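Both complexes shown next keep chain A, but they swap its partner, so chain B is in the first and chain C is in the second.
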Partner chain A sequence: MTKVLNVPLGSQHVALLEPVSFKLTTKNERVVEVTADVGYVHRGIEKACETKFKFKQIPFVVSRVCGLCSITHATTSTLAIEKLLNLEVPKKAKYLRILALELDRIHSHMLCLAHTAENAGYEALFMRILRDREHVMELQEILTGNRVHFDYVCIGGVNRDFDNDLNSTFEKYLKIFENFTTEIKELFLNNWSLSLKYKGVGAISADRALEQSLAGPLIRACGLKIDVRSEFDFLPYSELDFNIITSDGGDVYGRNMVRLDEIFESIRLIRAVINNLPEGDIQTKVKGNPDGEAIVRLEAPRGELFYYIKGSKKPNLDRVRIKTPTFTNIPSMIDMLKNQEYANVPAIIASFDPCLSCTAK
Partner chain B sequence: MVKIELQKDNILNELAKFYDYKRHGFMTVNGVDLGDKMEIQWIFYDYSEKNSTIVYFCLFDYEDEIPSVVSIVTPAWIAEAEVVDMFGVNIKGVNRGFFLEDDSIKMPLRKIS
Partner chain C sequence: MIQGMINSFCNLFKKSATIDFPNEQMKISKNYRGLINHSDSDCIWCDVCEKVCPPGAILFLQNMDGSKKYNYNPYLCIYCGECVRNCPKPNEALWQEENIAFSSSSKKEVQDDWFSLEDECKIARVKYKEHKESLKKSQKVEQPLS
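Let's look at the complex of A and B:
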């Protein structure tokens, strides 16, 4: 006999890091229908950017969209405004922006992996990953002066220079990151209940991923080499021999593997930045007001972050549009939950690494 | 950024001719309130080209019915739902309330004097 149950998941739930509500209809514990409500943390940031703040303040406002990828929001909006101002930023500032972005990617991926461990019942591993993630935040504080909302990137460059005396400190921490990521990867490669049982769970084919325009580690886990860092020259990733990390299977397991390998790639990029850091200024002077339309995309830890900015030679902007990776991936998440075992739903959601602060903004 | 203007009655035909999900990434549907009209944009990029951004746009009166492109661009429904909530525009088949609750401020991003 078929048993139909309507199961609410969220808006507050132990398996969810942020407020989102799913209504799942299950037949014999298999999900057959899903509806979602994602608007719990709408804060009107786009409206605030258009009405309350001048363009020079926008990077500091939008960095409050998200506590995890704050630096990516600030950098993307800054790049769009700089495009409208025809501003050439010193090369050293561009390198330092990459440094901050890659540190951000490491700590975001670590939080996702910790959350995956927690969902699988590995509380101690969750704590262990968060303990190690603390080192990343220490480095972010050394670089930017803050742990979460950095306000490091500004229009024209960055706000704080990199002292060459910090090289040894960075190298000490990077070695620690390498060691703990190697350990964690070993666990994710070999442990059944943490990782291997999710092979084939929440899988999406490469074709379907393209049809859904998936972003970030999700699409790269389908074996597709799509990463905004390789597409645009706003930041000099090509000078650092950036590699796109992919996996195959398109499942929960594959997504975690992409994130683990991207931590290694970010460590490599940080070393390359420090070893090749150009000399010179870190800021250029801002003149005039933004005029015209600009679109900038940047690879946030969760995928493509998009900013559309329109100005008309006034200190206030006419339009600021933010599209975040989770916003892109939600249609696919809802689609993917259908026909899955109810017990796998938290793991699938965690593998999307959803950020509702970003989505609702 | 390449901007291509569409006519109101030809949006779906033009987008269907252009969009191939294996070649183009869909970024979003964007609304811009011009003060007396709405500019609706459908934004894409080309996987095979660097620095590519393709913006199709069309100007609408506030009360116009805007066609939904979901039949051509599958994941566009969420962006359409956001534009409907934020600008109070009428996109065919899209209901209000995915982002904003019933008692929220209506069309918060509309420039109303």
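Let's look at the complex of A and C:
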């Protein structure tokens, strides 16, 4: 006998990280139908960018869209405005932007891994990863002056110079990062509740992932080499021998592995930036107002972040459109939850690393 | 299992990872972005900081005698430091210190009347402009007589 149950999950729930609401229809503990609502934290930031703020203030406003990838939002909007102003940014500023972006990626991935561990019932590992993540936050504070909202990127360059005496501090911290990431990776590889339990859970094939245009670590976990960092030259990633990390399987385990390996890749990129840091200015002067339309894509920790900016020679912009990676991933999340056991649902949602404050903005 | 027992026994004597907060202060790194300070004697009253501030946490109240009063709301401030970077006399007229504002339990301390002050500043500016224009007119009327 089959018993059909409607289970609401969210908008507030102990296993959920963000305010998102799912309505699940289950048949004998197996999910058959899913609907999602993502608009719980709408704050009207796009509209505020068009009416209330001048274009020079936009990077500060959009960095408040999300606490985890604030630097990515600020950098993408800055790149778009610089494109409209035809500004040539000094090379040192470009390198420093990569430095801040990669540090941000490390701490965002660590938070996701911590939540995945928590959803496997491994509370102690959650605490441990968050303890180690604190070191990354400290390093960000040393570099930019704040733990969460960096306000490091500005139109024309970056706000703070990288002193040479920071070299030794960075080297010290990067060694700490490497040690704890190695330890965590060992746990994720060998621990039963993290490796075997997650193999095959929430799997998606490469064809299906392409069809549904998944983004970020999720599509790289399917074995596809798709990364915005290798497609554009807004930031000099190609000069730093950037590699795309992939894994196979397309399941929760594969995504964890991609995230862990990306932390190592980010550490390597940070080392490369510090060793190859060019001399020179960190800022150029801004003249005029933005005119025309610009589209910029950048790889956020969760996937491809998209900005569309339109200006017409006025201090206020005409249109700011933000499309976040989680928004792209929601349809495939719904698709993936079908035919899964109900107990696996929180783990699959956590493996997507959803950022709803980004999505609803 | 034995290794696990040894690990958990060692963990008993490890130093705690958290900070014993009221007794031990939080470690704040050098050049942390904190409160904004202002010096009345060094300021040239150009109002640039007010114009560039993203949340509008700096307000200048115009007095009728031409002087201005600096107002700052640390609870609206986002500590981005944009005002200091744009100041014509940075580190003299306007500078950023390493301490941040503490949370407060009373409404008065968090500058509850800030938004009425915003309106007050706008009205004061319009009034001062009118006052200046009327002064100019009266001067023009006086000139041909003398």
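Just a few scattered comments:
FYI, the second predicted complex is superposed on the first by the 361 of 361 C-alpha atoms of A that agree within 3 Å, B and C clash if a C-alpha of one lies under 4 Å from a C-alpha of the other, contacts with A are read in each partner's own complex, and residues count from 1 in each chain.
FYI, contacts are C-beta pairs under 8 Å (C-beta built on N, C-alpha and C of every residue); 3 or more make two chains touch, one makes a residue touch a chain.
Only a predicted model underlies this, so the values are computations on that prediction, with no experimental measurement involved.
On the superposed chain A, the positions of chain B and chain C stay apart, so the two partners fit side by side.
In the superposition on chain A, no contact is made by A:Phe352 with either chain B or chain C. Of the two partner chains placed around the shared chain by superposition, chain C is the only one that A:Arg131 touches, whereas chain B remains out of contact. In the superposed model, A:Gly145 lies in contact with chain C only, and not with chain B. Legend: residue contacts after superposition of the two complexes on their common chain; A:Lys310 is shown touching chain B, with no touch to chain C. In the superposition on chain A, A:Phe22 makes contact with neither chain B nor chain C. In the superposed pair of complexes, A:Ile330 makes contact with chain B only, with no contact to chain C. Of the two partner chains, chain C is the only one touched by A:Phe60; chain B is not. Touching more residues of chain A than its counterpart among chain B and chain C is B. For the superposed model, the angle subtended at the Cα centre of chain A by chain B and chain C works out to 100 degrees in steps of 10. This overlay, made by fitting chain A, leaves chain B and chain C with a least C-alpha separation of 21 Å.
The touching residues of chain B, when paired with chain A in their complex, are 1, 3, 21-22, 25-28, 30, 32-33, 41, 43, 45, 47, 50-53, 55, 73-75, 77-79, 82, 85-86, 98-101, 104, 108-109. In the complex of the two chains, the chain C residues touching chain A come out as 17, 29-33, 52, 54, 78-82, 85.
Of all residues in chain A, only 37-39, 42, 44, 46-47, 50, 207, 210-213, 226, 231-233, 293-295, 297, 304, 306, 308, 310, 318-319, 321, 323, 327-328, 330-332, 360 touch chain B in the complex they form. The touching residues of chain A, counted against chain C in their complex, run 53, 56-57, 60-61, 64, 131, 134, 138, 141-142, 145-146, 149, 151, 154, 159-160.
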